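Every chain is named by a letter (A, B and C) in the order it is written, and numbering of its residues begins at 1.
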């Protein structure tokens, strides 16, 4: 019996090591296979110029339009989601703090919204656009993506604000601050690095999502100059080019994936840096 | 001391850079109640958890020294750690009943060490539940989840669970801190009763409790043993300044 | 005088700010309702003309001649989700146990960033990787092993890519679940002479059981709605798939592939909105149940 228990433990420990290892290995394989295929196609021209005539048949040009378009789109939608999400997170943690049931109800709704697939947001937004006779545009994309990342922004900031000790809040009140001053001055200062991390997280979600913008942003070879114009984005640039029969064009899809992965890695590194800062700066009571 | 049950020599324990136990040398008498006293954070809980080798679960822990039980070292040995742990029952600060029925909580220790006949199990379980005065309260609902019991009953169940694996030593870490006065008293009385057959090591910071049930007292401060001796000597004639100050209530 | 005017400014600002907060709150609360109502309204035309059971259980999909049977898409979705979960569940459970119960600090320090990066990679990147690696792997190695010939664009390809996408998500839920289980409980079991594994099997897993099931529920809801990555590797052939080496056409892919061009055919847009509604309801259902169970079970610990 004792022997059997020991073998059983070894067996499962082995399985655990294997499965943990496989997760690490998968990341390596993903990065390696995309880099291996994409790197030969990656050039300065690709990141510095927009598609020229015949680009989609393998002639010269780049995907600067998609890179800039993606940055515009995620910057815009992160900003919009932040304008709505930040006050909401504050509201939940300052004004409603005594109303625990209500707040957990809101959290529940937000978590549900977080789980709604982005394609549903995309389809929904497209229907609304048809209803009002709107054309596909950067602005429509920004609004759609901001709806989709709003729950992420709110819940991520909410989690940070929840860590602020009640004592800090009460001592500020006793000094005669109004509630919104508390909100902005104290909470913001105390949680700044955490909030930055939350913003970075939603920026990353926004820049990577393709399904929600499939019908809302349109696609163009030019860099948008106003909100009303159509725009290209990196995920869609990859998606469309990959379906091309011409190897040269498909190669560029792989190269574009490398750019997207790099952006995501930079965001991940930045948020790691800020999380560390956050741990350091937080006042411990 | 003649034939101490537990003999600790030069025990040092580090968690990362923190030196938690410093050169601990200690003898714990057989079939007596030894109380480890000291202010919170002095390492008394860590010492207790090192005795049944729970401290080493912390991957940062580094342990040096020897702990002998009946003369044989339990730290530097090839013997299976589960066998060593079974020699000691542990009672924690709060009761942590296992997520199963009352019956299975007591049967757990017996079941994991091998298949047992149902009849035999039934008998043992009744025996141990009687031993902690819980049988009459639970005999009609043995299949109920243990979490349905009151917290005082849960702690007694945990004691029965520990006794069921037939240990020689019972380790208790402030076992009454979460209990109401009546349940606390019940546990204390049980300890006195058990001390005729078991070696008990009790960590506490309640002086009244220590005076009440201790045969032997160890006083710890900042990871060191300051003083140890029989309860009578310790309380009536303390040798060290720090012990005197502690007994007068100058620090906790 | 001056002090007073500052006071008014302050309270006014405070009020303005509070009302903006309230507006934001209302937006979030009614957002799911608006989406639901919008999708239902757009689905009404098709629901008027066809019975619900026809839509759900017929597999005939010929929009041009007015045949809208969704069962092929629904079954494809179930196939892909199910196989992905079968791959992801054991890996997640074993890894979560490993990381929370056994792993040393250096292991945690390497694994957490890896999980974070996997969770952050965009789905289109997973799709690219699927095309580059998983599809050839299936057509050249896995399928021949089972005596099948296929292009590789199959249910299995979609499921493998999907499994890897939901692993970091489920894993994070499981890790925080295992961390809420008090260590004293495991220690109680250990001090009764149980081994680590016996403790995990009889105590930790039992205590976490409900939470584990709901974590998998969340995984299902996440998997069901994933679009781009699956679409890129699953083949998108209309029909009812009969095995993992056949191509499939899940609901999200149907939406993504056809939404732009649907306006010219009568009822087509209503049919597609109906599929969005189906997706919304299925995902919300799994999500809500799992979250409610998690909330209730953490209260009882």
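Basically, a contact is a pair of C-beta atoms (placed from the backbone, for glycine too) under 8 Å apart; a residue touches a chain by one contact, two chains touch by 3 or more.
Everything quoted here is computed from the prediction, not taken from an experiment.
Engineer: For which chain is the distance between its Cα centroid and the global protein Cα centroid smallest?
Structural biologist: Centre-most chain by C-alpha means: C.
Engineer: Counting only C-beta pairs in contact, which pair of chains has the most of them?
Structural biologist: A-C
Engineer: Which chain's mean C-alpha position is the greatest distance from chain C's?
Structural biologist: Between chain C and every other chain, the largest centroid distance is to B.
Engineer: Which whole number of Å gives the spacing of the CA centres of chain A and chain B?
Structural biologist: Roughly 51 Å separates the two chain centres.
Engineer: How many Å are there between the centre of chain B and the centre of chain C, using C-alpha atoms for each centre?
Structural biologist: For chain B versus chain C, the centre distance works out to 47 Å.
Engineer: Quick check: how many Å separate the C-alpha centres of chain A and chain C?
Structural biologist: Taking the mean C-alpha position of each chain, the two centres sit 16 Å apart.
Engineer: What are the residue numbers in chain B that touch two or more other chains?
Structural biologist: As it turns out, chain B has residues touching two or more other chains at 112-113.
Engineer: Name the residues of chain C that each touch 2 or more other chains.
Structural biologist: As it turns out, chain C has residues touching two or more other chains at 195, 198.
Engineer: Residues of chain A touching 2+ other chains?
Structural biologist: Residues 5 of chain A each touch two or more of the other chains.
Engineer: Over in the complex, which chain A residues touch chain C? Could you list them?
Structural biologist: Touching chain C: residues 5-6, 8-9, 12-13, 15-20, 22-24, 26-27, 29-30, 33-34, 37, 84-85, 87-88, 90-91, 95, 104, 106, 108-113, 115-124, 126-128, 130, 147, 150-151, 154, 178-181, 183, 204, 207-211, 214-215, 235, 238-239, 242, 253-254, 257, 260-261, 264-265, 267-268, 272 of chain A.
Engineer: Name, in rising order, each residue of chain C that touches chain A in their complex.
Structural biologist: Answer in residue numbers: 10-11, 13-14, 17-18, 20-22, 24-25, 27-29, 31-32, 35, 38-39, 42, 90-91, 94-95, 97-99, 102-103, 107, 110-111, 113-118, 120-129, 131-133, 164, 167, 171, 195-198, 218, 221-222, 224-228, 232, 252, 255-256, 259-260, 263, 272-273, 276, 279-280, 283-284, 287-288, 291, 295.
Engineer: Write out the stretch or stretches of chain B touching chain C in their complex.
Structural biologist: Of all residues in chain B, those touching chain C are 49, 52, 54, 57, 59-60, 82-83, 85-86, 88-90, 92-94, 96, 98-100, 108-109, 112-113, 158, 161-162, 164-165, 171.
Engineer: Contact residues on chain C for chain B in the complex?
Structural biologist: Within the complex, chain C touches chain B at residues 104-105, 182-185, 187-195, 198, 202-203, 206-207.
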